[in-house]
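Look at the two complexes coming up: chain A is in both, with chain B in one and chain C in the other.
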Partner chain A sequence: MEKRVVFNERWLPYLLVAPQMIITLIFFFWPSAQAMWQSVLVEDAFGGNSKFVWFENFVSLLSDPNYYDSARLTLIFSALVASIGLAVSLLLAVMADRILRGASIYKTILIWPYAVAPAVAGVLWGFLFNPSVGIVVWLLHGIGVDFNYVMNGNQALLLVVFASVWAQVSYNFLFFLAGLQSIPKSLIEAAAIDGAGPTRRFWDIVFPLLAPTGFFLLVINTLYALVGTFGVVASLTQGGPGQATNILVYKVWNDGFRGQDLGSSSAQSVILMLLMILLTFVQFRFVERRIHY
Partner chain B sequence: MVENRPWLTFFSHLTVIVGVIIIAFPIWMTFVASTHDQATMLQSPVPLWPGTHLIENYRDVLAEGYKGRPGTVPLYVTLTNSLVMALGVAIGKILISIISAFAIVYFRFPLRMIFFWMIFVTLMLPVEVRIVPTYGVVANLGMLDSYAGLVIPLIASATATFLFRQFFLSVPDELTEAARVDGASPMRFFWDILLPMSRTSIAALFVIQFIYGWHQYLWPLLITTKESFYTIVMNVSRQANVVDATPSWNLLMTMAMLAMLPPVLVVMSMQRLFVRGLVETEK
Partner chain C sequence: MSRILLSSVAAVAVLASAHGAAAQTEIQWWHAMGGNLGETVNALADQFNKSQKDYKVVAVYKGSYTETLTAAVAAFRAKQGPAIVQVFEVGTATMMAAKGAVYPVYQLMADEKEPFDPKSYIGPVYAYYSTTDGKLLSMPFNSSTPVFYWNKEEFKKAGLDPDKAPTTWEEVGEAGKKLVASGVKCGFTPQWQTWTLIENYGAWHNLPFATKDNGFGGTDIELKFNDPARVKFIGMLADWIKDKRFVYGGREGKSTVMFTSGDCAMHIASSGSASAIQAALGVDKVGIGMMPYSPEVKAQPQNSIIGGATLWVLKDRPKAEYKGVAQFLTFLSSAPVQAKWHQETGYVPITLAAYKLTEESGFYKKFPGRDIAVKQLTLNPPTENSKGLRIGNFVQIRDVEDEELESVWSGKKDAKSALDEAVKRGNELLRKFDSANK
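Our next item is the complex of A and B:
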């Protein structure tokens, strides 16, 4: 992916990349390097003195059952958020794509949650499911279900998943719809003339052609579930009750700022960074390959 | 429509309508709660239809914030801060990434690939995973409690640079050749040809980055201690987490409404351009 025709200038390109490079170095690379450095230090209880301890922070982290619980929780949580979010938005996009009349009204409403911040989405869902005044809790009580996310860990997790999916559905919907609309109608018509029904056409033509969009969204949604849902958790449950919704990204913040355990928090940061690097490489290899076809 | 299948069409409408109702319900309830008084919102079941206190609630919240709580901020202050932050982030990101993408696509220079990879790596390091040290850097630079601190650390963006790069790569080489034959300097080519062609990409990115800036929660929470620098999203979340014997749900939900209205307006008013920009960059 290179241009054949380029300009020949000696200093201009450096000048053009300078602003971004300076900000990247100061606010991305320097703190990331510090996170790596702090992850191999231990500060004593009185602050000030820190001691180099090799990988002790990582060892104690990886032998801490709490960390495993949080990691397992994050895995379940991310899988739920990404899969439900993608499935719901794909269904809505495919159906909305079929509709001609009234489609723009539907679209306008479906886009709305994109404008709602995850932290505000948490507040909204917390209101709907508030144990004393929540309307959904009241309705559920009517059919004999007791829902109290403040006390029940599984229900809290379920609520955080719903709120997170709700806040992300619009974004997925927009991309899926854009992807659907870029599929040539002639392909669909040709298949219809050959006698393929709507289900067959979807799985054999639409779905494969939508795969690039789907994969891109899968990675975006996984990153969102891993990191972007911080605001939802912070607004709704603060990791509780107990450790029921204490996902990794919330734990980094909780241990670092509330618990003041810098070494452990930095070690967690480094592990999360490695995870993100892995995921992003998958995405980038894919995006680059996609350009060729 | 390829063929007429009434049942499938009916089923499509049904699915979309159910989806729309579920998705709109939390927003409807928020709006309803923002139009009642405190006492009404403390009884279960809460009303499903708007009341008569709309103007009163919005006026109170804008002028005084969450009435009766210590340390509360008038909402017009947090709205202004959020607006400054979101605009600063959106415009800043577009400015610095369009010129760096231009440099990376249209020039050959040593270090080019190194710069490219350095920008790429930032994609994997969102602020949430390096919270503590980033806070340290910003504190050392004396940028706590300032607009510069709210905006500048967030404007380095791999996403925007990649979208512009992607778009520039799709611009025909003939245009560049013609410009060079006519003796146009690189910057002339950038201003007169590339920039006007990038309009839809810029519009799409503006929406995405405005929303990104507006949605920031952790960053303002970290670096602001003075109430005069609070942003609306973090403020709503803070107020929601205060445990109260008699919470004013009406005021809290009014604040939540105000926290989503500006980004909704941006998305709605630029919906056409935004979707077209997405489709174009998708190619």
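Our next item is the complex of A and C:
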């Protein structure tokens, strides 16, 4: 039996995908093409004095040790944000799935943070951890921890990671919860009758069945950590102290829009784009293989 | 009935606006002055619009300095640029390099035959934005210079003379010790550390920031701020961190809240922060004095340099607008307007006449210390080290300075290796700017 929908009209399918294609072309392909063109130019801020320099912008980037520092930092940062984000939200989703009373209140509260834009999340965390007036800093001081993210690079990185995770947990939570609820209860019950304890049931049944969701979220979270966290960094630390939180996406913006160095900024965004394509490709190639839908 | 009335009112309104548009040439002025400053800017535009009939200046707030510049760049590229845009002082070299986009003020004034006398301006204010042969490129608007603030109450509590500021850095250190001993959380914190501790420390002691007259003589320059005097100075502040005589409060203006909250007893900040600081702590509690200096580096201080922003005139607007732009710039630099701007905001007046007018009005008696900024700027005739800075890629270079200073404050690097590294990294940015603008 034919399950696919068949269009008899020749142009209808094209017409139906056209809006999405147009949006993709205008908002994704066009800017990307512009960035690629800009990355081989050197010009003044107002677009005069434009010179074609081949790959000079890339060469000067790739010979700058600070750029490698930023790239290394970005990988550490992304790994932390994605792994902590996934682990925490999976834990929360499993807990929420088991709750019987007040489940909807619990779920609603967990979903709330998603309504907060990353930039606002950054400001909120900035208030909580402000070295002179922050309430959390005051509490930490009480137990003997001197927390000053303006001075201490590691603390700043930690703070940016937590703020980014916090802003993303709701999204992950939603997907994990939906994934959990779609696991047939009969499987779990059958295992329980066979004598499998909760831990065993989770690792042998729930976790593998949740893998497709987890994989999807891994891709999304990696991309989020690479570019979506810009707002948190911009509002919280501006890349500092030192270069402790100067991740690649912040550097792209900083060099382009604060420094008016559009050539280098474009070259950086091209590199970042390639990195994202590469990471996504690797994930699909190696992680997806081990997942059974 | 009411519908007829409404439509006739609408018709009249349309006619009136059409009439207004025909008679008046509109001039777009994009600026970065939010809050109270923005209101003062709007009042200035209104005042100009009421003073004549031919032009209407429309002041548009575009966000931060960076956002305003970015907006102007994007608009100019799309041939929709404003006639006047406010650009911060670190963007000066960027604007100068954009030869096809800017209309130098001296040329505009000559073309439109507006009277214009360079000598009426305050030296370092004028010099910062002019060519080496003294031609003004952009109109100084909001200029400030770093001054020393102290909390008189906390000085009294620590057994210090509340009416006398420390004049040397050694005295700041001693005062800091007493203040911390008396229970103050932090002795001293600076605002805009690169501007106050590196750039102005240099001008104040007549030390070069970069070669070729701090960049006024060309773009093929090298940074010079890793001299022994500044290494020693930064090293001293790093030492002060240990006993809280110095506490770092973040980049740009972030540390000011530590002074206004009473955590810190001493502060170096823009004179443009004066009215906000006096409002927060009370006029009687805040002392404003000259920046401290190091007598072992220079027996007497030289003069400080400015920060803030200027108004750049952009090209590619209809010819008719430029006459109005020239008239508006003349209006802005007139003594009464400048005096008002100075008194309401704390920015320095750009002309000597406005300073005199303010003095005669008794303003400085009522708000003691608000004349310090002008006194600092005019302390001595500016030298090649103290007339200003003309540095390409300056925004990134300041970031580099910030990063390296932060590595000193956190104890990761000593002052010498941090400043050497800042100079090395800054020089690479300068070489890049130089090759892009050949």
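Everything that follows uses one rule, which is that the second predicted complex is superposed on the first by the 251 of 293 C-alpha atoms of A that agree within 3 Å, B and C clash if a C-alpha of one lies under 4 Å from a C-alpha of the other, contacts with A are read in each partner's own complex, and residues count from 1 in each chain.
Throughout what follows, a residue touches a chain if its C-beta (ideal position, glycine included) is under 8 Å from a C-beta of that chain, and two chains touch if they have at least 3 such contacts.
Nothing here was measured: the structure is a model prediction, and the numbers come from that model.
Novice: Scan A:S186 for contacts with chain B and chain C and give back first, second, both or neither.
Specialist: A:S186 contacts neither chain B nor chain C.
Novice: Could you tell me if A:W112 is touching chain B, chain C, both of them or neither one (first, second, both, neither)?
Specialist: The first partner, chain B, only.
Novice: Identify which of chain B and chain C touches the larger number of residues of chain A.
Specialist: Comparing chain B with chain C, the partner touching more chain A residues is B.
Novice: After superposition on the shared chain, which partner residues are touched by A:L91: those of chain B (first), chain C (second), both, or neither?
Specialist: Touch status of A:L91: first partner only.
Novice: Quick check for you: in the superposed arrangement, does A:N152 touch first (chain B), second (chain C), both or neither?
Specialist: second
Novice: Using the touch definition from the top, say if A:P241 reaches chain B (first), chain C (second), both or neither.
Specialist: In the superposition, A:P241 touches chain C alone.
Novice: Contacts for A:Y14 in the overlay, against chain B (first) and chain C (second): which applies, first, second, both or neither?
Specialist: first
Novice: In the superposed arrangement, which partner chain does A:P198 touch: chain B (first), chain C (second), both, or neither?
Specialist: After superposition on chain A, A:P198 lies in contact with chain B alone.
Novice: Could you look at A:N66 and tell me whether it touches chain B, chain C, both or neither (first, second, both, neither)?
Specialist: Only chain C is touched by A:N66; chain B is not.
Novice: Could you list which residues of chain A make contact with chain B in one structure and with chain C in the other?
Specialist: 132-133, 238, 257
Novice: In their complex, what parts of chain A are in touch with chain B?
Specialist: 1, 3-10, 12-14, 16-17, 19-21, 23-24, 26-32, 34-35, 38, 88, 91-92, 95-96, 98-100, 106, 108-128, 132-135, 137-138, 166, 169-170, 174-175, 177-179, 181-182, 185, 188-189, 192, 198, 213, 223, 227, 230-231, 234-235, 238, 249, 252-253, 256-257, 262, 265-266, 269, 272-273, 276-277, 279-280, 284
Novice: In the complex of these two chains, what residues of chain B are touching chain A?
Specialist: 1-3, 5, 8-9, 11-13, 15-17, 19-20, 23-27, 29-30, 33, 41-46, 48, 95-97, 99-100, 102-109, 111-112, 115, 118-126, 128-134, 136-138, 141, 152-153, 155-156, 161, 169, 173, 176-177, 180, 186-187, 189, 211, 214-215, 217-218, 222, 233-234, 236-237, 240-241, 249, 252-253, 256, 259-260, 263-264, 266-268, 271, 275, 278-279, 282-283
Novice: Applying the document's contact rule, which stretches of chain A touch chain C when the two form their complex?
Specialist: That would be residues 42-49, 51, 60, 64, 66, 131-133, 150-153, 238-243, 254-255, 257-261, 263 of chain A.
Novice: Please name which positions on chain C make contact with chain A in the complex.
Specialist: 66, 69-70, 73, 76-77, 91, 94-95, 97-101, 248-251, 254, 257-258, 261, 263, 393, 395-396, 399, 402-404, 406-407, 409-410, 412, 425, 428, 432, 435-437
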